[in-house]
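There are two complexes below, and they share subunit A, which is joined by subunit B in the first and by subunit C in the second.
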Partner chain A sequence: MIEGARWRKWLWFYLPLGAFILALLFPFYWMVVTTVRPDGELYRPWNHPLYSPFWTSNPTFEHVKDLLQETLFNTWMLNTMFIALVATLISLFCGVIAGYALARLTFRWAGVLGTAIFVTYLVPQTLLFIPLAEIIRDYRIGDTPWALILTYPTFLIPFCTWLMMGYFKAIPRELEECARIDGAARWQAMVYIIFPIAVPGILSAGIFAFTLSWNEFIYALVFLSSPEQKTVPVGVTSELIRGDVFFWGSLMAGALIGSIPVAIVYSFFVEHYVAGMTGSVKG
Partner chain B sequence: MAQVKLTNLNKKFDGTHAVKDVNLEIRDREFVVLVGPSGCGKTTTLRMVAGLEEISSGDISIDGKVVNNLAPMDRDIAMVFQNYALYPHMTVYDNMAFGLRMRKFERPEIDRRVTHAADVLGIQPLLERRPRQLSGGQRQRVALGRAIVRNPRVFLFDEPLSNLDAALRVQMRVELKRLHERLETTAIYVTHDQVEAMTLGDRVVVMKDGTVQQVGGPLELYDRPANRFVAGFIGSPAMNFIGATLAEANGSLWAEAQGLRVRVPPQKAERLRRHAGQRVVMGLRPETLRPATAADSDYAFDATIDVVEPLGSEILLDVRVGDSPVVARVDPGLRFSARERVRLAFDPARVHFFDATSEAAI
Partner chain C sequence: MATRGPISRALEREDTLAFWLLAPTLLILTLFIAYPFVRGVWLSLSNSTVGEPGHFIGLANFYKIFSDSIFRTAAYNTFVYTAITTVFKLALGLWLALLLNRHFRGKSWVRAFILLPFIIPTVLSTLAWKWMFDPTFSVFNWLFWKLHIINSRINWLGDPELAMGSIMMVNVWRGVPFYAISLLAGLQTINPDLHEAAAIDGANRFQRFWYVTWPLLLPVTMVVVLFSVIQTFADFQLVYVLTGGGPANATHLFATYAYQIGIGTGLLSEGAAISLAMFPALLLVVVFQLWYIRKVENR
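Here is the complex of A and B:
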């Protein structure tokens, strides 16, 4: 029976898990291989004597060099970083405060307001960019980082608010009541007791907001036009695809390097992040 | 040093009237217990005293000063919560020091008070730990410590022992009582457990459906319950209630029910005579019942034993009198068996009668 259990575990657990991991990681692997593959193998592989589809025996950093020297990639990285960070901070600040208010204060329209905030999150970006473009034109912030910094919160704040609301609701009310009896004003109870306990939740919301802003495409495509203002996703795809010519090597290098900051952010906070998603507060 | 006075206190949530016209005067250094079934308004009352719940109408005053609109922090009270509400991200020391820090105490004073409280409660070795590394009893002690370091005017306890297991609960109950005797601070304690209420309270307030049913010392409640609810709530096993009709015969008053005809003791007869011919409820505490002897003829009835529960220190007899189930608590030396017929006598001085409709004691 124990022997049987072992192959069963392989069949039902490790095998599907392996397939899943393979399917998830293969695009990344392909990205890496394409980055280091010389042009000769990329464009006319059939002419290449030692061509193998999943491997290259002549790795080259030529594409990375091209990307960093021939394009404004560094500027795009800085733009993206700046926009994502500021948008995340704004959204996190608003989301934490709004989430706390919706979770704790019992005012008349609290439920309706909560739902209304969530509904704004459901409006697709592909529709919302049209009115937003008007607003951005009216305020003359088109083609500046502020066009994105001020529009990203339209979908980040509802998201952060909802995540934080759920998290705050899981924190026992008594903790705060006890703090208020102990001599803390409401804001002190919030800052000294509730926020420290909510750190995993705040981190999850922050990571999510950062990733969403980092990867955002439509607004960045519509609201920014000059190459030196662009973010990584838009810059890479607009400058490295010219007509029907795809600079595959540099494109993949851009995608690879562009995903590194997000990967770093995730791996740093992964433990808190998991705790935040499962909403565990142990008293 | 504080008196707490509740005057016509009311609390209405949307649609429910949780606390109705509660009047209560708690004397300085008194330990008052609010007890009642869940939803009786006892916790709401306590939370209004704490300032965590707004008052719909009425007044709460501490030492003669109305505190209705005072924030919890300005009432100089401390509260121990049912789930302890320890701050999970702080050490035990910081948990206890938090209130003092918020009140801008000097560091050496904080240190002195926390160390002293930790000594009193025997949690010195735990000061550097976090709440999740503590057992239930230890958490309870930390919660108590956090309350006593501040030296408040009033202690509020909201079912502080109900999350502990039975053995620990008994132990903490004793410790609480000892602590109160030592600190001599006014305390209001909420519980649904009548044993806790009886053992801890100088006075006990029995509540039901938002109203105070009776206020009195533990034995007063036990011996002279104001109504059927208090009579049934205080005491374990609970008082037996038998619906009966009062009838006049041979110059004395008799209570008659199916399978039972007993004399109303002369000392009670005077007041009960007005109810002659009416339905009343007769209340008998299990320990006032015993197997009858020949001398008990008027204060005895026949019963059939359903279940015998030998507990070692006593025997609980679940018997049937007519249709009414009755529990008797008798000497463990006696031998009984199920379906046996017994004749049980009661102590005439300790029989209670209640109005069948108003349920008030007669």
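Here is the complex of A and C:
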């Protein structure tokens, strides 16, 4: 070992890595501290002598109680869960079969359709939300969960299709050919031989789609109007701020609890999630 | 072998099967992407407001928005916002990826935790930032004050000069993990033998990065950057939560201004025109991305 290698490693490795971790995670710590801090301590100006930012000696669950009892937070959670699950299932179904067709079958327009689906994957929600709001109104599904369940697949299906194409391409064709020789129909080979092998891919796509739906904001903001129909992100930002008054304790409690389902799904399937994320850019 | 029905037999043909497998996807994308796009173009060429169908007025909406100084600020902001945050996200993301590419204890934990800013719903984590930027209760002000850097408060979101910078900071915070993890995946596909060979040939650390790692990482980097540019360019949530476009309309982006005009004041056609003004720039990025992917695939 070279003399001084130790402090070198600290300077070039541990120090920057520690700084990254601190900067990336501090806001979450701040959410937690704010959630359990009593109002008296919360509203002390930054130059108050008793401003104690990093801990609280009188933790309280007042804000969490307020959030769960005084607001429609539980309803928003259930709404978001329902919308995210149904939108994910629809998108998985469409994405898996479309991905299979594009990866495995030879037909006219295959290239054009693949490119078209890829391009819709890149269309941001903010480009079309105004005409979509009109269309939602025409179909009379405004202010219902269906406004989101039917529109979320527009960004989820292209993603699922793209990800599944990558998975299907990696599965050797011989597997299907063997099944066909044994007498399986074309679609049977697909459903019974290929889909089971692609389960890890389907799981990745599903988890990623679920978190994307839970995250979505602008469609939910524009297409839903009554408080009891809202999703968590929209409910927390619109209903916990009255005029200029911010209820920071409850807001942070809402942000924290509203993130838990995504965090749980994520923590159980980190590897699948990362695979989905990196797969989505590699294609 | 069992006899097959007519449906099963029809599905033996690849193009028939492909048609039925793609039909649901194409139906949804036509109804909720292609049709809204056409409808949006029509809307932007008409004078509809909420509840009023309106009629064709040509490019009048576009003339109107291009002479609107708030729109011009929003357009300028969007380009600056995208350019600056992309540079920072790429530089910091690459640095973090290189750090994570080493072997150390607890690596998988660090990697899992680092992604949190990216997976937690953006609006919710942005609320925490809004609270940290609060003019009266800001923890940053407390910290800088304790470190004797400032005497009076910094008004992070209320000062028009500073507000855009604060928003960019949050965008970088949220984007760095995505860059880092994607680039890390790219780094892990690079054969370590290449590094060893370069080291034996006498290349130093920097040369090994510049002549071995970077060229091999470039395709992944390009795709990550292009994805991120599109998302950043069309961003809405950060500005909506942090400033709502204020103070004095200084921090609008295309999307937030379109929302304010189209939904806030109900001038649907003008809002649609503002949204569609993003289209040429987005199209350029998408075309470039398709061209680049094709080029890499054919190599």
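In this section, the second predicted complex is superposed on the first by the 247 of 283 C-alpha atoms of A that agree within 3 Å, B and C clash if a C-alpha of one lies under 4 Å from a C-alpha of the other, contacts with A are read in each partner's own complex, and residues count from 1 in each chain.
Criterion: a residue touches a chain if its C-beta (ideal position, glycine included) is under 8 Å from a C-beta of that chain, and two chains touch if they have at least 3 such contacts.
A quick note: this is a predicted structure, and the numbers were derived from the prediction, not measured.
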Combined model on subunit A where subunit B meets subunit C, clash or fit: fit
Geometry of the superposed three-chain model: angle at subunit A (Cα centres of subunit B and subunit C, steps of 10 degrees): 90
Touched partner set for A:F268, first subunit B, second subunit C, both or neither: neither
First (subunit B), second (subunit C), both or neither touched by A:F20: second
Which superposed partner A:F107 touches (first subunit B, second subunit C, both, neither): second
Touching partner for A:G183 - first (subunit B), second (subunit C), both, neither: both
Partner touching more residues of subunit A, whether subunit B or subunit C: C
Which of subunit B and subunit C A:W10 touches, first, second, both or neither: neither
Superposition-derived minimum Cα distance between subunit C and subunit B (Å): 6
Common interface residues of subunit A - those touching subunit B in one complex and subunit C in the other: 183, 185, 281-283
Of subunit A, residues touching subunit B in the complex: 172, 174-175, 177-185, 188, 192-193, 196-197, 281-283
Parts of subunit A lying in touch with subunit C, wherever the complex brings them together: 13, 16-17, 20-21, 23-25, 27-28, 30-31, 34, 42-47, 51, 53, 93-95, 97-98, 100-102, 105-108, 110, 113, 115-120, 122-135, 150-151, 153-154, 157-158, 161, 183, 185-187, 211, 214-215, 217-218, 221-222, 232-234, 236-237, 246, 248, 251-252, 254-255, 258-259, 262-263, 266-267, 270, 273-274, 277-278, 281-283
Subunit A contact footprint on subunit B (complex, rising order): 50-52, 71-73, 75, 77-79, 81-89, 98-99, 102-103, 131-132, 146, 150
Subunit C residues touching subunit A - in the complex, by the definition given at the top: 1, 4, 8, 11-12, 14-15, 17-19, 21-22, 24-26, 28-29, 31-33, 35-37, 39-40, 43, 92, 95-96, 99-100, 102, 104, 108, 110-117, 119-125, 127-129, 131-132, 134, 136-139, 141-143, 145, 153, 173, 176-178, 181-182, 185, 220, 223-224, 227, 230-231, 233-237, 240-241, 254-255, 258-259, 262-263, 268, 271-272, 275-276, 278-279, 282, 285-286, 289-290, 293
